[in-house]
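Shared chain: subunit A. Partners: subunit B in the first complex, subunit C in the second.
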Partner chain A sequence: MKKSGELQNSPQAASKKVARQKVLLGLVGAFVVLLAVLPLFASGFWMRTLTLLFLLAAMAEGWNFIGGYTGYAAFGNVAFFGIGAYGTALSMLRLHFPFFLALLVGAAAAMLFAVLVGLPVLRLKGHYFAIATVALATGVGEVADFWTDFTGGAAGLTLPFFHPIQLSNYFFYYIAFVLVLFGLGLTYFIMKRKLGYSWLAIREDEDAAKMMGINTTWSKVVAFALSALMAGLAGGIYAYWNTFVLAEEVFKIEYTLQMILATVLGGPGTVFGPFIGAFIYYILITLLVFFLPVGQLHATILGLIIILVMVFTPQGVMDFLSGRKRLTLSALLENIRTHKV
Partner chain B sequence: MLKIENLNAGYGDVQVLWDVNMEINEGEVVALVGSNGAGKTTLLYTISGLIKPKSGSIKFLGQEIAGLPSEDIVNLGISQVPQGRRLFAGMTVKENIMMGAYHRNDKEKIKEDFDFVLELFPRMKERLNQAAGSLSGGEQQMCAVARGLMAAPKLLMIDELSLGLAPLVVETIYEAIERVIARGATVLIVEQDVLLALEQANRAYVLDVGKVILSGSSQELMDNPMIKEVYMGI
Partner chain C sequence: MKRSFQILLAMLMIAAVVLAACGKSGGEKQAAGGGQQGGEKCVITFGAAVSLTGKYAKEGEYVKNGYNLYVEQINKQGGIKVGNKTCEVALKIYDDESNADRSAQLVEKLITEDHVQFLLGPYGSGNTYATTAIAEKYQVPMVEANGAATKIFKRGFKYSFAVLTPAPYYLRGIIDMALDADPNIKTVAIVAENGAFALEVAQGAKDYAEEKGLQVVYFDKYTKNTKDVSSLITAIKAKKPDILLGAGHLQDTLLIVKQAKDLNVSPKVFGFSVGPTAPEFRKALGKDADYIVGGAQWTPELKIQSDDVFGTPQKFAELYEAKYGEVPPYQAAESAAALIAYQKAIEAAGSLDKDKVRDALASLDYMSFYGRLKFNEQGMNVYKPMAVMQNYPDGKLYTVWPKEAATKPFIYPFKPWDQR
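Moving on, here comes the complex of A and B:
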């Protein structure tokens, strides 16, 4: 039962695959170094664009835990971003915590929320789980919007500027960059361990995973909480960077869609997929806005591109980059037949 | 070792098992036979904690396990080779086999057991880095048995091993299982193929529409006219 386009299992193919992985790792490494020194040359505009991109990549890395590796289509991860943003902002304003401590409080609040809602919601599967998470995210957003005494409601929360302000761009660029690297490291670390294997087993066959003695509830809740950690940290950084937190901004469902898109474009269930996918997504949208500055035309074209990518490479570009498949027409056509995202 | 008393279980409002009684002693090979829909798989799932019983008792090594979470039951030493194999299709053969040892921490013993199952199924050795989903049916069943053995179970339950496999392949796998049995394993074999099951087992239970209608030594059952007529077509 060999699928066309899939590399064979011969030793040569295996060593070729290893060589390719080394090349890929080298490229990513070079890219990371480039990003690390980029602020020496880049303008403020590019640094701000990349900072936003890093935050998206970090959230995508988080979504990858629950959506990519564990196979639970979470459509409400923006809730963690928003809670991280509010938690950080409120800790700084009400408790006068320094930023880093406030950031941890925000992330911890997001994780706590993930555990509390995850315990009941992760019992649902498929569409039911997806809808429940959408509902949760919307609900939390509404609470933040209307609980004026606590969250400032529609007036939002205004945070102090970062000091010294000349270094602000650098500070947020690097902290977001470190968050992305932390996400990569965390993913790699977990996927070499039992926890990672338990996620894969749950994705492949949850009942069989139980038969192996996996406490599936615990594994899923940890995946959900870690995705909340990444989104919560991104939200906290975003809040301080933006110096303003508003419910309808930080609970926008578009953020959830963006992290899912980045993950799926890059390759769900792979270490580098979400990171690479975030870049692809951003490059696409930037080019489209540049060449099609007319109304919402770029969004339409982007939608079309995404549909094509989904149809032809449902496992993302990592499928080809990692050498799992060759980029051939037959492989692309085969993908249409074997859809299982 | 395992003692089931007045077990009632099912899915939601649909009751499948009715007052089932069953016993497995240490070192014994017991067969559970019955036609399609008799409740064999449901009984296994209830023993392994995937289904919560409505009432009744399941004692394993003297401890009540009815209603315990599945991971606790695996930890106590019950592992199963599920019907339809249920491998983790996207993971490699090696990863699948090692998943059987998920709950264990005795690294050296795990390595020993891994070598043993590869010796048992040499075919797996050639396929270690291949995706389990790309194996043939027979190879998948070998992989599933290997995975079940990696749990180092005190009681191994094998569900419908022969289903959909060529007789020759079934024979090969049962030969391997005989070697495991010869080492003193306690095994519960669930089969639709009654003759095949009775050949392997010391004793057997016959399940029909959720009730144990007959039990006894394999020889007794093989001589039973009803069994001959209904299940063997002789």
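Moving on, here comes the complex of A and C:
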């Protein structure tokens, strides 16, 4: 504790911190360039893996707004993913919109839903909010499953293939990639502005924030709507990419858990945390499933790794990357003692 | 210290990317080395993503067993004849964790990295729906054996084929059999699980019953994984149907039987699409399983003579029991049949060219131990009838329909609950 206190306060440490941030930014930049040219070398399998990873990262970036910065444990963000998927698919099938327009319709529907339910639900706090969001996601999934006339019901919706088919791998890879970059940019942009500071104020002490004249309701609803925007766009891309929408697939709770896991692994309330977390999580899973001879134990091993990471770095790996803490044994033990998220 | 962590992370990320790039070049080498022209020895590799963990783990195991049993038998004979040489058969199977995303990812890997020549299907309509789209994208044939929903085949795909009878045909056998036993039957009630496969089964049964002049007095669906269907059963009781049909899966089938007993609902024919033929059905219900009938894609008692590697359903059952220690479920038989369809198509094409084999599959018409293998222009096998099995009071399952294959007569009517 003493050590990290020193690090943060002295001017020497401050300049170190800036230098470190530059290194980090450089690394991420180099990595982004690498990802941009990767399709020239990668196989279809890796393109698919990374496309799914990007969609997960985009959802995690969205979750970070409400869960990371504003401090509201939203457990129902898959609802926005599903609404985005259905909105996009229905616009393409029923209204014959081109994909990009349909994608915007899907995302707008997700945002509208977030605003409408956010106004009442965001009055809840803590566990109550978490439970309400879980219930919402389940409820929306059920509606999609049973409203046969509108959503196609349990039989689902079938979308046409992307044409020309030879380019479809590239198309979805790059569009998902652009979505991730958009999320990074959006996060950075907001966190430099009053809106971003109001989120942090709400997370630290909502009553105090209100006293200071912050319109907390508005701030929270915007955070919720922006997380819906990211998940809705990801859902729309997913729908067209997989060429079908099934309620049981696009409303499954695993997606919510994955976006939370990615954010928390990387570092909630940081710009790069969700992106890095999604990468670590998904590459780890892929390596475990495909490249290590662990048989059917992969889920167990993954669970073990996640528990270890959570125990030792409850603030995510960004804790060490950003220089807030040094990666030493004492810092890890300190994390266990003060265990807070 | 702190820098070392940064470097570590960067290395991890870069390693992943390099791995991705290597995957491709490595795979290409494999493709050049393997393949059909590799000297005297040639190998045909089939790939599949099958659920070995997750909610379909049990069914997935049957599928895998079926594939493996065929491969073992054909390799005993030296392999599949391609033109004037004989190629050994190899199998590459991954676990898709009963997850459609993973299933699609794996099939993409089988095609672009492992370079398998032909694809086999996963278990279940959902995963089949996802993976047939990948096969179509790369124009690699996929003969699947465990996705019965017709919507899989209504997308105009050219490279997907299914050896099993499609969902709408599942309950037809029971309706035919009931009418054969008692031409005075008038009314049918149908309940279905709210899922793609079950809804198609129910709709198919409804259409067929109406075509046969029966009156469908009740038709409704219930939520997946439901714990209570008593409101549906109560409504059905008031209608007093002659036939009660359920379209769903094992767990909800058990629930319907239990609650029908509680509410004393006794139709003359009590049947389901899936469930009564599984050993778990008898285990869970005991004596209450008596007289209940179920549709079956295939049974070991069918009387078929074929010139494939198995010859007869009985021979298949014998080999399966010797290897896996249990009576073969139909999932294993249809999975083996998918490989037989490939074998016959490859022999007819005399080549391993994907498009030639695809064309040969499209014009295939072959009687296998599993039944007739022939595909309509959408790729579905609508030419093989469904069998019906009944839980006999002696605690065993017997094939009771079609009549020519029946080992025991169909016991009609269902013995009412209050007379037991």
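Following the convention adopted for this analysis, the second predicted complex is superposed on the first by the 328 of 341 C-alpha atoms of A that agree within 3 Å, B and C clash if a C-alpha of one lies under 4 Å from a C-alpha of the other, contacts with A are read in each partner's own complex, and residues count from 1 in each chain.
Quick note on the criterion: a contact is a pair of C-beta atoms (placed from the backbone, for glycine too) under 8 Å apart; a residue touches a chain by one contact, two chains touch by 3 or more.
Please read these numbers as outputs of a predicted model, since none were measured by experiment.
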Next on the checklist: For the overlaid complexes, name the partner, subunit B or subunit C, with more touching residues on subunit A.
Outcome noted: C
Checklist entry - Counting only touches as set out at the top, which of subunit B and subunit C does A:G126 meet: first, second, both, neither? => result neither
Next on the checklist: Touch test for A:A201: subunit B only (first), subunit C only (second), both, or neither?
Outcome noted: first
Checklist entry - When the two structures are overlaid on chain A, which partner does A:G185 contact: first (subunit B), second (subunit C), both, or neither? => result neither
Checklist entry - Between subunit B (first) and subunit C (second), which does A:G29 come into contact with in this model arrangement: first, second, both, or neither? => result neither
Next on the checklist: Under the stated touch criterion, which partner chain does A:G303 make contact with: subunit B (first), subunit C (second), both, or neither?
Outcome noted: neither
Checklist entry - Between subunit B (first) and subunit C (second), which does A:S43 come into contact with in this model arrangement: first, second, both, or neither? => result second
Item to check | subunit B versus subunit C as contact partner of A:F161, first or second or both or neither | outcome: second
Next on the checklist: Just checking: does A:K210 make contact with subunit B only, subunit C only, both, or neither of them? Give me first, second, both or neither.
Outcome noted: first
Checklist outcome for this item: Within their complex, subunit C touches subunit A through residues 1-2, 4-6, 9-10, 12-14, 16-17, 19-21, 23-25, 27, 52-53, 94-95, 97, 100-102, 104-105, 108-109, 111-113, 126, 129-130, 133, 136-138, 151, 154-155, 194-196, 199-200, 223-224
Item to check | Partner subunit B, residues of subunit A touching it in the complex | outcome: 1-3, 9, 14, 194, 197-198, 200-201, 203-205, 207-215
Checklist outcome for this item: Within their complex, subunit B touches subunit A through residues 48-50, 69-71, 74-75, 79-80, 82, 86-91, 95, 98-100, 102-103, 129-130, 134, 136, 147, 151
Item to check | Residues on subunit A engaged by subunit C in the complex (per definition of touch) | outcome: 20, 23-24, 27, 31, 34-35, 38, 41-46, 48-50, 52, 142, 145-146, 153-156, 158, 161, 165, 168, 242-244, 246, 248-249, 276, 279-280, 283, 287, 289-291, 296, 299, 317, 320-321, 323, 326-328
